[in-house]
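Chain IDs A, B, C and D follow the sequence of writing; residue 1 opens each chain.
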Amino acid sequence: MLSIRIQEDDFDPGLIYNLVGKDRKDIGAKVAFTGLVKDFFELEEVTSLYIEHYHSMAKTQLKNICQAALERWQIKEIHLVHRFGLLKPGDNIVNLVLASHNRSDVFQGGTFIMDYLKSDAPFWKKEFNRKGSAWVNQSLADIQKMDSW
Amino acid sequence: MQVYYFSWVREKVGTGQEEIQTNSNTVKDLIDELSLKGENYTLAFSNLEHIKVAVDQVFVSDFNHPIKNAKEIAFFPPVTGG
Amino acid sequence: MLSIRIQEDDFDPGLIYNLVGKDRKDIGAKVAFTGLVKDFFELEEVTSLYIEHYHSMAKTQLKNICQAALERWQIKEIHLVHRFGLLKPGDNIVNLVLASHNRSDVFQGGTFIMDYLKSDAPFWKKEFNRKGSAWVNQSLADIQKMDSW
Amino acid sequence: MQVYYFSWVREKVGTGQEEIQTNSNTVKDLIDELSLKGENYTLAFSNLEHIKVAVDQVFVSDFNHPIKNAKEIAFFPPVTGG
């Protein structure tokens, strides 16, 4: 099962985590990943983070990335949510839950999806603090992580 | 065709989306054509190393990629979501 | 922060996930892993799973494994719970939550802790079905995963 | 010293824990001594390839490891938690 949502509204990572695979008896391993707004990154003392996105392409790309993971590993369920709009430090940005027979499939599948999402999904972050604002730059480390697959 | 701009490319151009009537054959031709429209475009496209392109929502790494029959072209910096 | 519990009682993975890092503004990434009882493994149609453990040594070993992860990666919080006793298919066995600045630290740290736990923490599983029972054998794959670190 | 048995080693020996007075110097000596106590012990220790040992809660891979002054020794098969 593959569920992908792109939304402005918040979500509840714990609630999603508990719902994935509920009542199934063939799930031996689940992994959740949540990306959150930090109060520092390119700027210090970040007061808010704006996430812009290219909606139609983002939906296609997230689906492609998840499909690639489903083909590569034994994964029973993938639930992915990515937010856009104006967020604050501590807010949820992205949430991924995978369920499978085995732990290595969910750990590897989860790492793979997040690595590709960071380099292939059209979302952009702009940080704001009291002094001004700055678009976040793509990190070389993120490109290398994707290329390592 | 619809042309989209995101992130600081959008900010420099001054709009996020516009309808363009063009005879350009490739991405590069379109960029050259847009750059003639005004200083905002010239500035936005001044360093193509920092610009990513999607033709009909698919990443295109070669700026000589044809755009005939394309419905939408998007210009933006490397992505930073997640 | 390091929290390790070994208990017979159930726990709520979603609740734990939401509590870890709550009210902090320096957490950019969280990962949860949950291991659950499947209704098949060594046996078919498993009706229950008994988990035996060597309590004092298990506590020490889990602590050592988590400390090694804290030294190797930038991890702000680790919350680990492992159950023992008689469980049923669908029940939670083990739960791990990590919080950090970066996603690669939580994914790698989580994989590392689970790989070592599988080979170094004194817990043993016995499956029961209508026909009988069988102790679960350690898999070669699990030994290789640990050795790969 | 306290001797602990877990999983199928416990089931074969027939007890999970016992107090042993011993003059054995090494893990191997203790296994030989225990094996003389009865058929249940002989059976439990019949194939040492499948037996792991912890001396005072630390894994010991060498069966010649000394056990003088040890407070607890545990015998069990490879672990399968998680």
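Throughout what follows, contacts are C-beta pairs under 8 Å (C-beta built on N, C-alpha and C of every residue); 3 or more make two chains touch, one makes a residue touch a chain.
What you see is a predicted model, and the numbers here were worked out from it, not measured in a lab.
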Report summary line: By label, the chains that touch subunit C as well as subunit D are none
Requested in this report: Compare the CA centroid of subunit A with every other chain's and tell me the farthest one.
Outcome: D
Query raised in the report: Between subunit A and subunit B, what's the gap in Å when you average each chain's C-alpha atoms?
Result: 26
Requested in this report: Between subunit A and subunit C, tell me the centre distance in angstrom, where each centre is the average of that chain's C-alpha atoms.
Outcome: 23
Query raised in the report: Centre to centre, by mean C-alpha position, how many angstrom separate subunit B and subunit C?
Result: 48
Query - Set of subunit D residues in contact with two or more other chains - result: 82
Query raised in the report: subunit C: which residues touch two or more other chains?
Result: 35, 103, 114
Report task. Treating touching as the only link between chains, describe the layout with one word: line, ring, star, complete or other. Result -> line
**Report entry** Listing of all chain pairs that touch each other, if any do
**Finding:** A-B, A-C, C-D
Query raised in the report: Can you list the subunit A residues touching subunit B in their complex?
Result: 35, 51-54, 56-58, 60, 82, 93-94, 114, 117-126, 135-138
Query - In the complex with subunit C, residue positions of subunit A that touch it - result: 12-18, 21, 23-41, 89-90, 101, 103-104, 106-107, 110-111, 114, 141, 145
Query raised in the report: Mind pulling up the subunit D residues that touch subunit C in the complex?
Result: 4, 6-8, 10, 54, 57, 59, 74, 76-82
